[in-house]
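There are two complexes below, and they share subunit A, which is joined by subunit B in the first and by subunit C in the second.
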Partner chain A sequence: MERSSSKVGNGQASKISASPNDDQGIFRRAKRSIDDLITQARRFRLKTKQQELLIRVSALLLIYVLAFATRLFSVLRYESVIHEFDPYFNYRTTLYLTQKGFYEFWNWFDYESWYPLGRIIGGTLYPGLMVTAALLYWTLRLLSFAVHIRDVCVLTAPFFASNTAMVGYFFGKELKDPGTGLVAAAFLAICPGYISRSVAGSYDNEGVAIFALLLTFYLFVKAVNTGSLAWAVASAFAYFYMVSAWGGYIFIINLLPIYVLVLLVTGRYSLRLYVAYNTLYVLGMLLAMQIRFVGFQHVQSGEHMAAMGVFFLMQVFYLVNWVKSMVEPKLFQAFLKIAVIVTGGAGALALGVGMATGYISPWTGRFYSLLDPTYAKDHIPIIASVSEHQPTAWSSFMFDYHLLLFLFPAGLFFCFRRPTDATIFIMIYGLTSLYFAGVMVRLILVATPAVCLIGAIAVSSTLKNVCGLLREKPVGKVLERQGKDKSKGGSDQSIPFQREACIVVLAGALYLLTSYALHCTWVTSEAYSSPSIVLAARQSNGDRVIFDDFREAYFWLQHNTPPDAKVMSWWDYGYQITAMGNRTVIVDNNTWNNTHIATVGRAMSSYEDEAYEIMRSLDVDYVLVVFGGVTGYSSDDINKFLWMVRIGGGVFPVIKESDYLNNGEYRIDAAAAPKMLECLMYKLCYYRFGEVSTEYGKPPGWDRARGTVIGKKDFELEYLDEAFTTSNWIVRIYKLKPPANRK
Partner chain B sequence: AMDPVEHAVRLIYKGLRPPRMRLRSLVPELPSPMTAFFLVLASYFLVVSGIIYDVIVEPPGIGSRQDPVTGAIRPVVFLPGRVNGQYIIEGLSSGFMFVLGGMGIVALDLATHKGWSKNVRMSFGLGGIAAVVIAYAMSVLFIRIKIPAYLH
Partner chain C sequence: MRLRICCPAILSFSSKTQIFALGLPRTLAMDDARALVTSLRSAYTATPTKLKLIDLYVAYAVITAIVQTLFMAVVGSFPFNAFLSGVLSCVGTAVLAVCLRMQVNKANKEFKDLPPERAFADFVLCNLVLHLVIMNFLG
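Here is the complex of A and B:
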C-alpha cells in the first residue's frame, strides 16, 4: 500500500512538476513527428532521372488520351454513325467478315453492286482495315465486352491515331532526342491534316494506313541506324501491313529507293544501309504478293521498278566496294569502268525489253497524274472530278498546318546543318510528300507526319538553345573565375539583357504553341467533324436544324421496295445505298468500270424516252437523285451534272457538252439550253418543284442552291412515277413504269 | 593468300583491256549543304504558295468586282467563299510570309551562336523576333480575311 501510494505520489509529483512545460513538450513532440514524416517522405523522393521519366510517361499518356478525345466531336454531337461514302463500303465488308468468317470474305463475289456485272470484292480491296477492325471486335468480345461492330468501326481511326502519335514519339527520339519526340507526338496528336481523315466515324483506309506508314519508316530508319537484321525484318512486316491497308504503299516503295540513291550519291553507303534496304525489299515484296489486289505488281508494274533498279544497284555497289578492298587502285579503276558500262547497259536493256514486251506495265493514270498534274484534267475526267483530287491552295495548307508551316523551313535548316542518315531520310520524306500534297489536297495527310517531325526538330532545337542561354551563369562571375584569362572573353560575348530576351522568346514560343492548339481544336470542331450523311445548318434565329434526309430515303428503300429491286443513281451514293438501303445498285464509288458509269451518265443526260430505253436495258427499277433546291445544299446532282455529261460524252459521242451550255455555262433558269430543260436529270430534280415556295419573298420554284427561278415548271413524267421525296426534298426516288402493253 | 575471286578477276584482266574512252566524270560536283538548302527553300516557297494550283486551274493574278454604288471596278485580293481556292498574288504573298517566319526562327537560333560578336548576335536576335512576329501576325490576318468565320 505504501509503495503504491508512494508510486502514485511520485507519478503525481513528476506530473505536477511537468505541468508548466506541458505545451512546450507537446510542441516538441509534434515537431519531432513532422520531421519523421518528412524523412520518410524523402525516402520516396525521386532522383532526377526518375523525375524525367515520370514527366515523359505522363506527357505521353496525356498525348494518347488527347489524340483520341479530340476526334470525338461528331460522336458527341450526333451519334456513333459512319460518315461519308467510302466508309460505308468498308463497314459493309467488315460486317460480312465478322458474320461469315475470313474464308468467305477472301473469296466474296458481290452481285449486289455494279448490276449486272458484279464485283469480285475479295480480289479488289485492301483487307488491312477490315481485318484490323474485326480483330479488335473479336478481342473485345473475348474479354466479354458486348460491343457492336459499328461502334468498333467508328472508333478504330481515333485509336490508331493515338498509336501514330506514340510512333511519332519514338521516331523523334530516333531523329534527335526524347524532347523532339515529345513535341512531335504532341503535334501529331492534334494536327488537322491528319484529323481530317481519322476522325471518329471516318472508317477509311487512311486511318490505319498512316499508322502503318509511320511505323514502316520508323523501323526502317532504326534498321539503317543500327544495321540490325531484326529491325529490318520488323520493318518488312510493317510494310506488309501498309500494303494490306492502302494503295498509298506506292509512296513507300518509291521513297525508299530515292533515299538510298541520295545516300549513295552523298557518299554515305554503309553495310547498315545494305542490310536494311535489301531485307525490307526482298521480304516486303514477298509478303506484299500475299494480297490478291496487289498480286505480282512488285515485279510487273512500272511504278515498282525504281525499287528493283535500286536493289540491283546496291548489289553492284557492294561488289565494287568489295573488289576495291582487295585489288590495287589501277586495276580497280579499269574494273570500275567495265562495271559501270556493263551495269548501265544491262539495266537499260532489261527495262527496254520489259516495257516493249508489255510485261512491265506503264504508270497507271492515278499515279501518273501526280507527276504530271495536267494529265488528269485532259484525259481522265473521273479522277479530275473528285474534289479531293484538286491541287492545293495556300489557305488549305494554312488551315491544315498553321504553325508547322513556319517551323518546317527552320527544321530543314537544322537538318541541313548537321545531316545524319536519319535526318536525311526525314528531309526527303518531307519534301517529296509536301510536293505531292501541293498536287492533290487529299495527300496533305501523307505529308503530315513528316511536317510534324521536322517542326518538332525546329522547336526542340530552338528551345534547347534558348534555355541553355537562360541557364548560363551571369558574365561577372565567369570572368572572376577565369581571372587573368581575359583574352578568351575578348569582346564581351554575351548580349545585354540576355536573360530578358530569352524569357521574351520563351513567352513567344508559349503563345505560338497555344495558338496552334486553339487553331487545331477550332478546325476540328468546325470543319472536320461533319458526318456528311447528316447535314446541319443554322436558322436565322440561331437554332440548329438537322437534315437527316439521306438515311430517311435509304431506310424507305429498305422497307418499301422488293428485295431484288435495282436502283440507279450517280456513283457517289452507291456504297451508301448498298450498305443502308440493302438494295442492288448499278454503279458505286469503286468506279472501276468507266463505260458502266458513262452509261448511267448518258441515261441521266438524255431525253426521257431515250433514257427509259437505257434504263430498261440495265433492268433498273428505281432511280434516285439528290436535289438541293429546297435546302440550299450545294453538293447535289444538278451541280454534279457537268461530270455526268463529260463522262457520258467521253464514251458515247451522242452526248455533246455544247448542247447543255448557254454561253459556256450550265444554267437551269429561263435562259437554259433546250436540251438541258428536257433531260432526265432536270425532270427528276424539278418535278412538282414549280409549285413549291422555298423562300419568303421569292416566286415559287426558286432554286436556293443556284439562286434563280427554274426555267420549266409545269411538266409531267411519261415513263416514271414519283415514289418518294424526303421531308426536305433532298433525296427523290422514282419508280420506272412497266413498258406499255399495246403500242 | 588471295581470294579465288581475286584470282579470277586478275586472270580475266590479263587479256581484257578497258576501252580507251575519254569519259569525263559524269557525276557533277555535289553542291554545298547551304546551296542545297536555299534551293530547297525556294521550292518550298513555290509549293506552299500554291503554284501547282495556279498552273492547273489558272486563276487570275488578282480578282475584281464591280462596286455597286460607283460602278468602278475594284480589285479583290482574296478569293472569297471557299478554303481551297486562291488568286496568284495572294498565294505568293502568303508563301512569302511562311518563309519569312521560318527564317526568323533560324535567325533566332543563330543568335545563340557562341563564336560571334555581340552586335551580330543582337541584330540576328532582334531581326529574328521581328520576322516571326510580323510573319505570324500577317498570316493570321490573311486567313481571317479569307475565312470570315475564323475562330468564332
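Here is the complex of A and C:
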C-alpha cells in the first residue's frame, strides 16, 4: 500500500521514472527467455546433411504412398474386383496354388479349357506373379491378417508399382545423383504408361514384371559400376525373377548384348564389364532354365543367340587383350590375325550349321512382328487381331507420357555431355524401347522406366544448374574477387538479369511439373481405371448407370447349367467363363492352338446347319455371344466378327472374307451381304432384336453400336434355343437342341 | 581400333601365302609362330604363382567341358538337362575363376581397392549358387 501510495504520491514523476524501468525489465526478461528457448531449440537443429536425409526419406515415403494411392480409383468407385480378361486366368491359378499347394500347381493339367484338348498349365505359364501373390497371402495370414486371396491379387500390382518407384530412385542415384533419383521416383509413381497395366485389379504379369525389369537393370548397372561379383549374382537373381514373371525377358537378354557390343566397339570396355555380363549370363541362363515354360530356349532359340554370341565374343576379346598385355606389338599382330580368323570361322560355321539343321529355331512370329510390323497382318492374323498389338499413334504417346516426351531428348543431351557406363546403358535402353513402343502399343509399358529416368536426368540437371546460378554472389562482389581468383569461370559469364531469369525458369519448371501431375491423375481417373467387366455410362439426365451383365451371365452359367456343360464363345471370354462361370470352354485367351480357334471362328461364320455340325463335333452344349446393340457397347462380337472370319479363313479356305462384305464394306443393315445375314453370329446376336426399341424416335431393331437398323428382323432359330439374355442384352447364351432322334 | 589392325594384318597374310606359293622358305610364318610362342611362354612364367593356380583351374574346367561335349557327340544328348547342367557347371566355374583372377591380379588398376579376401568370398558364394542350381537342374 505504501509503495503504491508512494508511487501515487510521487505522482507523475515517479510514474514517468518507474514504468520505463519496469518496462525495460520486463522487456529484458522476455528477451532472455526467448534466447533461452532458441538455444534449446538449436540443440535439436539438424546439420545440413541430416536435413537433406530427412527431406529425402520423407519425399520417398510420400512417393511410395502416392504410387499406391493413385492406382486405387476403380476399387473406390466400383469394388475390389479383378479387371479385364487375362487377370482372371492368373486369379484362377493363384487360387489353385493357395488351395492345393506348389507341387499340385507346378504339375497341373487343366481339363476345363480347350475342350477336348486340355491344357498343361504347369508347363505353359510364367509362375512369378502367382507365386508372388501367394507368398504375400501366406505372409499376411501368418501375421494373422485374415485377407481373402482376391484382395491380395487386386492390390499386388499397386504394391509392386510403389516398389518400382523405389528402385527408380536407386537407379537414378546410380546414374547421376540422389536428386535425379527423387525426380525419377516421382515420375515413375504417376506415369500413365505404367499405370495402365498396374492399376488395382489389373492382376497381370506386367505389374510384377516391370519391377523385375527395372531391378535387373539397376543391379546390372551397379555390377558394371563396381565390378563386384556379389552385385552380379544379385542381378542374375533379378533376371530369374523377370524370366519367371513375363515373356518380355527377351528384351533384357537382347539388350544386354547390344550394350556390351556398344561398349566394346567404342572402347569403353573394362574388366568390370566382363565380371558383370558373364556372371549374369551364365547364372541367369541356368536359373532361367528352371522355369518349365522357358525350358531350353536359352540355348536353342534364335532369339537368345545374340547373348550367347556376345558371350563367346567377350571370351575371345578379353583373351586377346590379355595376350596383348604380355607380348610385344609385332608378335601380337600375328596372334591377332590368327585369333580373328579362327574365331570368325568357327562362329560362322557354328551359326550356319545350327540354323541350317534347324537346331536353332528362327525368331517366333510374336517377336518377329516387332522387327517387321507388317508380318503379322499377312501371316498370323491372330496376333494382328489383338488390339494391344497395333502400332502406336502420336496421341497415345502424348497421352501416356505427356511432359516426359519433351524431356526425353533433353535428357539424352545431358547424358551425351558426360557419358559414363551407366548413362550409355540408359540411353540404349531408352532408344531401343522407344522404337519398340512405336511398333506396338503394349510396349509403351516397357519404355516407361527409361523415359522417366532420362526425363528425370533432364529435370534434375536443369534445376541443379539453375539453382546453382541462383545461389551465386551478385555481380559486384564477384568483380572484386576476380583479381584474386580468376579460376571461377561461370561467374564472369553471368548474363544480365541472371537471378530473374533463374526464377522464371524455376517458375516454368514448377508449372510444367504441376501440369504433368494433374494430367497423370486425370488420365488415371478417366481412362485406366475401368474394370471392363463392369461397364458404366451416363444417362441423359446425368445419372450414372452400371452394367453388370458379364457377371450376371457367368453366374447364371454357374447356377443353371450342368457342371460338365461345355461353352463355346470367342476366345476373348474364355478365361472369364472358366474363372467365374466355372464351366469348360472350347477356346480361351491362351490362344495356343490356332486350328481350334479357327474351328470356332468357322462355326460362328457358317450357316446355322453347318455350324450345328461343327458344334456337335466339339460336344458344345451352350454358345455365348456378346452383343452391344442395346447399350451401344462397341467391343462386342459383331465388331470382332471380321477377325473371326479372317482367322477361320486362314485355316479353312471355305470361309472367305469377301462373302461377308458388300463392295468391300462391312454392314449389318439391309444392304449387308447375304451370307452375313444368314451366318450363326448374326442370328445369335439379333434373335428377337427386331422387336426391341432401343432409342426414342428410332424404329425397332435399331442397333446403337452400329447406328443402323438391322437387315433381317424376323427369323427363327432351328438348332438352338435361347437360354439366357442379360438385362441389358450384352451377353446372350443359347443352348444347343439335341439331334432330332435324341429328344 | 580393331579394324585398323585387322586390315594390314590380312593384307600381309595374303602376301605371305603368295610367297608360300612361290616356294620361298616357309620359315617366315613358322619363325613368327615360334617367336610368338616363346615370348608368350617367357611372359607367362613371370606371372605370380597364385594366378598360375587359378589359370590351371580354368584350364581344367574348360577341358572337362570339352570332354563332356565330345561324350555327348558320341552318345547322344538325351537327358539334355543333364548334359547342359554338366557343361554349364564347368563353363560357369571357369568364368567365375577368370573373374576372380582379374580381381586378385595386382596389375589391374580397377580392382586395387578390392581386398583379395572379399574377391575370394564372392567367388565362393557365386560357385555355391551355381552348383545349387546345377543340382536342381540335373534331374
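The criterion applied here is as follows: the second predicted complex is superposed on the first by the 694 of 743 C-alpha atoms of A that agree within 3 Å, B and C clash if a C-alpha of one lies under 4 Å from a C-alpha of the other, contacts with A are read in each partner's own complex, and residues count from 1 in each chain.
The definition used in the following text is that a contact is a pair of C-beta atoms (placed from the backbone, for glycine too) under 8 Å apart; a residue touches a chain by one contact, two chains touch by 3 or more.
Remember, predicted model here, so these are calculated numbers, not experimental data.
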item	value
Partner contacting more residues of subunit A (subunit B vs subunit C)	B
Partner chain in contact with A:555 - subunit B first, subunit C second, else both or neither	neither
Touching partner for A:272 - first (subunit B), second (subunit C), both, neither	second
Partner chain(s) touched by A:469 [first = subunit B, second = subunit C, both, neither]	first
Partner chain in contact with A:290 - subunit B first, subunit C second, else both or neither	second
First, second, both or neither for A:519, with subunit B first and subunit C second	first
Partner chain(s) touched by A:501 [first = subunit B, second = subunit C, both, neither]	first
Touched partner set for A:227, first subunit B, second subunit C, both or neither	second
Contacts of A:106 with subunit B and subunit C, given as first, second, both or neither	neither
Which superposed partner A:326 touches (first subunit B, second subunit C, both, neither)	both
On subunit A, the residue positions that both subunit B and subunit C contact, one per complex	323, 326-327, 331, 334-335, 337
In the complex, subunit C residues that touch subunit A	1, 5-6, 9-10, 13, 32-33, 35-36, 39-40, 43-44, 80-81, 84-85, 88, 91-92, 95-96, 98-100, 102-103, 108, 110-111, 114, 119, 122-123, 125-126, 129-130, 133-134, 136-137
Touching residues (chain side subunit B, partner subunit A) in the complex	3, 5-6, 9-10, 13, 16-18, 21, 23, 27, 30, 33-34, 36-37, 40-41, 43-44, 47-53, 55-57, 83-86, 90-91, 94-95, 98-99, 101-106, 108-109, 111-112, 114, 117-118, 121-122, 125, 129, 132-133, 135-136, 139-140, 142-143, 146-147, 149-151
In the complex with subunit C, residue positions of subunit A that touch it	227-230, 232-233, 236, 267, 270-272, 274-275, 278-279, 282-283, 285-287, 289-290, 296, 299, 318, 323, 326-328, 331, 333-337, 340
Parts of subunit A lying in touch with subunit B, wherever the complex brings them together	265-266, 323, 326-327, 331, 334-335, 337-338, 373-374, 377, 390-399, 405-410, 412-414, 416-417, 419, 431, 434-435, 437-439, 441, 458, 461-462, 465-466, 468-469, 491-496, 501, 504-505, 508, 512, 515, 518-519, 522, 526-527
